[in-house]
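We call the chains A, B, C, D, E, F, G, H, I, J, K and L, going by the order they appear; numbering starts again at 1 in every chain.
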Amino acid sequence: MTKILVLNGPNLNLLGTRQPEVYGATTLAMVESACVKHGQMLGMAITCFQSNHEGALIDAIHESKGTQSGLVLNAGAFTHTSIALMDAIASVDLPLVEVHLSNIHAREEFRHKSFIAPVALGQICGFGSQGYLLALDALASHLTAAGLR
Amino acid sequence: MTKILVLNGPNLNLLGTRQPEVYGATTLAMVESACVKHGQMLGMAITCFQSNHEGALIDAIHESKGTQSGLVLNAGAFTHTSIALMDAIASVDLPLVEVHLSNIHAREEFRHKSFIAPVALGQICGFGSQGYLLALDALASHLTAAGLR
Amino acid sequence: MTKILVLNGPNLNLLGTRQPEVYGATTLAMVESACVKHGQMLGMAITCFQSNHEGALIDAIHESKGTQSGLVLNAGAFTHTSIALMDAIASVDLPLVEVHLSNIHAREEFRHKSFIAPVALGQICGFGSQGYLLALDALASHLTAAGLR
Amino acid sequence: MTKILVLNGPNLNLLGTRQPEVYGATTLAMVESACVKHGQMLGMAITCFQSNHEGALIDAIHESKGTQSGLVLNAGAFTHTSIALMDAIASVDLPLVEVHLSNIHAREEFRHKSFIAPVALGQICGFGSQGYLLALDALASHLTAAGLR
Amino acid sequence: MTKILVLNGPNLNLLGTRQPEVYGATTLAMVESACVKHGQMLGMAITCFQSNHEGALIDAIHESKGTQSGLVLNAGAFTHTSIALMDAIASVDLPLVEVHLSNIHAREEFRHKSFIAPVALGQICGFGSQGYLLALDALASHLTAAGLR
Amino acid sequence: MTKILVLNGPNLNLLGTRQPEVYGATTLAMVESACVKHGQMLGMAITCFQSNHEGALIDAIHESKGTQSGLVLNAGAFTHTSIALMDAIASVDLPLVEVHLSNIHAREEFRHKSFIAPVALGQICGFGSQGYLLALDALASHLTAAGLR
Amino acid sequence: MTKILVLNGPNLNLLGTRQPEVYGATTLAMVESACVKHGQMLGMAITCFQSNHEGALIDAIHESKGTQSGLVLNAGAFTHTSIALMDAIASVDLPLVEVHLSNIHAREEFRHKSFIAPVALGQICGFGSQGYLLALDALASHLTAAGLR
Amino acid sequence: MTKILVLNGPNLNLLGTRQPEVYGATTLAMVESACVKHGQMLGMAITCFQSNHEGALIDAIHESKGTQSGLVLNAGAFTHTSIALMDAIASVDLPLVEVHLSNIHAREEFRHKSFIAPVALGQICGFGSQGYLLALDALASHLTAAGLR
Amino acid sequence: MTKILVLNGPNLNLLGTRQPEVYGATTLAMVESACVKHGQMLGMAITCFQSNHEGALIDAIHESKGTQSGLVLNAGAFTHTSIALMDAIASVDLPLVEVHLSNIHAREEFRHKSFIAPVALGQICGFGSQGYLLALDALASHLTAAGLR
Amino acid sequence: MTKILVLNGPNLNLLGTRQPEVYGATTLAMVESACVKHGQMLGMAITCFQSNHEGALIDAIHESKGTQSGLVLNAGAFTHTSIALMDAIASVDLPLVEVHLSNIHAREEFRHKSFIAPVALGQICGFGSQGYLLALDALASHLTAAGLR
Amino acid sequence: MTKILVLNGPNLNLLGTRQPEVYGATTLAMVESACVKHGQMLGMAITCFQSNHEGALIDAIHESKGTQSGLVLNAGAFTHTSIALMDAIASVDLPLVEVHLSNIHAREEFRHKSFIAPVALGQICGFGSQGYLLALDALASHLTAAGLR
Amino acid sequence: MTKILVLNGPNLNLLGTRQPEVYGATTLAMVESACVKHGQMLGMAITCFQSNHEGALIDAIHESKGTQSGLVLNAGAFTHTSIALMDAIASVDLPLVEVHLSNIHAREEFRHKSFIAPVALGQICGFGSQGYLLALDALASHLTAAGLR
């Protein structure tokens, strides 16, 4: 069975507990659970991991090599600053879809730059937690088209 | 029934007829047809329009006001240069999803900038023609969540 | 009788029909009608044209050569991007007043740059539709002072 | 009766006395006198002040609070460098029209930037001394429309 | 017989009718006629097209695919701003020579940048209307050397 | 009792042990102890934490939510690079005072930029270890004025 | 007795009289009076001066040489533009604390730059009028530590 | 007799009284006196003026029109920021030599830019107070060569 | 005996296991082992450490103070972004040689910048794993020349 | 008879001997010989000179004054860096055509800038050694049109 | 026997004769002699050349083609400015190691840029004259590994 | 007797022979002769050298060490590009005065930058050939004041 790692970066653990009247009450646990469920529908086994530590995310990406078929990554603020994450992704050579809850290109200038993009299959941003499900759809299609599942 | 306009900008009419061994044999007609079919599944009536003329795209966006519930736009190269398109979208105040076949953030620096993004719901890029279907999914969810259908 | 062309660029056709509670209910037709009336007072015959097509605006500028004594131009978003419009104005060598409804220098950085300014007599911005009438006043004075009427 | 302060910044005291064969023979006194006369026609009492001292201009702006209904300001070279003037205008919260004799956007790059613009109603430039009269017209219309006279 | 399309962009229709004492009296018709004649000498059938509409130029480039062996393009002001034209040229994959009447690298900074150059065989600028004939010479040599005629 | 977290970032653990003849012999322990004592005077219970790990600092900020009334942060070098820390602070929505031992605006250009500033109440820099005590004073006043204690 | 000059720059004379419902009702006179009182507590005699004239501030700084032991300076908008003030401070070689009512690093980009910082002991910003008192505390500690009182 | 105004800008009044062991004991009075004496040798009557007020310098430049044959200006820090001074010099149309005590091109980047240079005959910097005498020599030669004395 | 710490940053743990046909089959363990062996030859005891965590690298640098005589550091991607690492190295004041496997100055622009360089003895890049041995040679010479061993 | 100097700059002596399977086997001698022959056809006597020394090229340009009617220059890498060559060309005031073998505007950013262009008649690039012949054609036409032969 | 050319650029002839108490007494002759000796140890015949003339260095590089197996180059100040040297190295297609006595990345910003790097095997800087010997070591290893000796 | 070298860089050999009606008829020989004569008056023996070769100028500067007491340098266009010249001057550690015929700060932006300035005593520009004599005056004063003659 196709295995996919859904990775979340800094501050995403606070999802749903922060200003729920604004950002909605969907917690990270709920997002991850929705991913697992959506994965089942697509025939993909989803593992989830979140960390506020750049090094822990790099470690997780390294470990995905040989054990996972693809990655979904919301690197949060590391998106704009972490060349180390970019290199980690390039090192494992797995298809990766970049996700952002908000439309980063409609926010502050420094959020337009992504160090993840050059090593990602594609980017999905602005659709809140639904973006993760769209990312899984995209990954499923890609793996099928590439004969990788 | 929810009505959606799928807009394609300059050079996208050549889709599928240009270096098919590289870009695939999917023509714009096939993409548009897949959109219509995917729309039916989502309960959305899809209209499609392509032009190499910036003015014609602006006219089409204007006309969508009051007749459409949302837009999917692949503005091609105009994405990076057309403030007029940005203003047109802001003027009609309809939810719009920005789509790109390729991952524009992994290409030349001048393709990273999007004048569409600040007035779009979100952006999907890098997944080829499947991006249009993901955009329709995102638009359907948004309209439902916002009580607009 | 002195003949003046009042040219409006992209999205200005939506004037008055978009968020009237915010921008007011003055339509482009009303603005153009006010220009015609104000022109009569100044002894100037006003012709009006609007297009969302950069090429159509260039064609109109070309045609004004030999048939008009001056131009009033609100190039909308093309102000900030169109070197072609700048060259067109330079080609016909007629006095032109640049108008903007909003104070473009108080908005986003990319709206501060004008490719029209280097070939315009002067610029009037921030006074809404009244700016067109001030522009006609300025043009009338200029033509009189220059002995062109 | 509506009271308006017409403020002129550095070097504008030399108007008309410098290279009259080029810039014309209109002195600052004549411009101010024309403003007073044009104000009478518009039902506005005009006071005029010029200084080469940035501090004196700031003082004058401060004093206009509670005594004037609006301002016309040609800040000369301070336009491009004085954040203090910008803050002064923001402090008194009066409608202000920015005027320049020449079309500053058609001159050296460093004259394109205006620190006055973000706190001004609008800008009029390129029409010589007539610009002051157009500014008074614009201010009169604004005050009437805003029910401030 | 080798077929070549000579394309001219915005404002080039005014050639020869504008300030003939400065720019010379050579009209666009005369340039095109000289191209046709020079083409005959080189064994190439020349078709000419001019438009002030970016979209029309893109359409013409698209249509040249499969019907022409090469292109000569003076994109005028679009040279510096049109990524869409660049993409159109890349799409049709035909040899193209970029021509400019004036030496664009000796003019304003914003005219030094060419979006056409990265997809052109080469660039010829500064030689007035003779540049078109040199471009045809270059194209003829290229096609011969590449065994394309 | 008001609870305040005093956070120190990378390399601040070396305080006082490095070149004491230059930087003085005040160790981090002494600074933290002075903070606790000063807090007692202000009626505030001070907790201290230092880490060279960006992730650990983010975790600590997250945990302060609901348990602390405010933060004092010397983010060291992360000040200039960590968007993740900025987002963490914005997420917990607690008043935070930014402290630096040295006057960062008088040092290398890259130390002038602070990603902490946009989400901080204010900044105190250049006063060595005394800056922490001033920060506690400022925080105490702010909490009192805002009725948060 | 230690003597300290508290200097305020352009527009700070309006403090408290401008939009009191927003900025509070504390006037400059009240701030200066609080400084004098706080100075008494610290054993420092405070003199206060405010001017909207850059030259007057420079003169005051020059005069402080030999008569004062230190300075507190809120240079307002001159902070970002006045190299002359920077040079004046460097010339008198007295310890100076830079104060700003608002957190300048959280405002417009052009307010992040300080020409005062390179010649100041340190900077305190974002704490409103309390910042002046913190500045006096910092100055007192510095003078004591340096054996200057 | 040829009359020359020697103008000094902000902070130059402190010359000689500040760190005399470093900068030497030459005061501004001594520099001015040396200028007068050197002027006598060159047959030029020297007037001297110093101010820390930009406005006062502008006033002095205006007044030199018609009364002086040339100017020597050390604008101090205003050199790098004052467009108003540049415009004042351009307005009076007198030959002016720019002087700096230090070699400004060997100091901080922001001291390399001179707004005086574009309207000055030439620049002399780096030779301390001798620079003024060299400037008078240069001015004398220029006036003689130009037949202005 | 001279003790040297060889530090490796993010992603270097993957050395040799990633695309061995391209990058060679030399693993990090083999590199470290070669360093130890080369160190023996030079009379230096080598300790090795690798981490993907910036904080762990900072901790290791801190711990080297007083226990090691020098460092060899390949900071990987942190080279280009970590001011915290730079500060850590400056804090321990030990001679450090910067190593990179690839010639970073021949790669993407963002890899040309090194925050390690300003606090390093020197830099060696582009020679693959041999670079570490050259670094040890350089360090040995430096320590000998400086009388530090 | 019209005399023309064909100048080649650094590294062009290696033409044809370097990677002939890529760049072709045309040597500089062959290019120069083709120039001479083409010149005969155009009634122009061609002299050729190549040097890797900037100074030698400047000397050659100086010597062309009074002895040559025009120049063809491929300055190689000096094109992008040599202001001295630009000044040399401006000094001799002869018509010069700038040639490049490759399309410099399609290569690295630093090759887009030409210091030769502002003092050249025009530029021809991208057509390999044929560019020299086109340059001679252009020069011949120019000299004829200008009545210089 | 493997032949290597050691090239030194501008000002390196002064090595050892300039401020020997600071830079040491090692002259260029001594460095070159050490290279020859070290080469013998590595089985490489070393030839040395120094020039202050960019053209002479280019000539020497050209001549190394076919006669040498590799190069060691300290281009001095030409490193940062000479595209011509870069092109020369690319033309001869020999392995080259870039050496600098000082750590150029720790000096002025303009010394960080190297035009040599993109065509060099690697770079060694900051180790004084020992860098040349390390470069020979690196070159020896490279040639052996690549089977070129 | 004090010995001074007057060095002239590229294109200055053409002085006086180029457009004499514009630049005057003063040749380089005349300038050098005036320098020699002026030197005699100042008790300084002047040697002159001009070259269009950067390397020859560097050689000359090197040779001045130990034989000359100071230099006057007009580096022409090399002023703006030659780091090698800057390093050469720093190497010989002799007082040098930078001269330019024109006011380089009033010309094109790229002529404002001087690589000579950071290693020069001072700069004199804009006074034509008289600048050389002023430079000798400045050098004489400096050498006297520094007790170097």
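Here, contacts are C-beta pairs under 8 Å (C-beta built on N, C-alpha and C of every residue); 3 or more make two chains touch, one makes a residue touch a chain.
Values in this document were obtained by computation on a predicted structure and should not be read as measured data.
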Steps needed, at fewest, to go from chain I to chain K via touching chains: 1
Each chain counted as touching chain C and chain L at once: none
Chain centre separation in whole Å, for chain B relative to chain A (CA means): 23
Rounded Å distance between chain D and chain K, as computed from the means of their C-alpha atoms: 64
Chain centre separation (chain B, chain C; CA means) in Å: 32
In chain K, residues with contacts to at least two other chains: 53-56, 81
Contacting chain pairs - touch in the sense defined above: A-B, A-F, A-I, B-C, B-E, C-D, C-E, D-G, D-H, E-J, F-G, F-I, G-H, H-L, I-K, J-K, J-L, K-L
Touch list for chain J against partner chain L, complex: 53-56, 58-59, 62, 81-84, 86-88, 91-93
Chain G residues touching chain D - in the complex, by the definition given at the top: 9-11, 13-14, 18-19, 51-56, 76-78, 80-81, 110-111
Of chain K, residues touching chain I in the complex: 103, 105-106, 112-114, 117-127, 130-131, 134, 137-138, 141-142
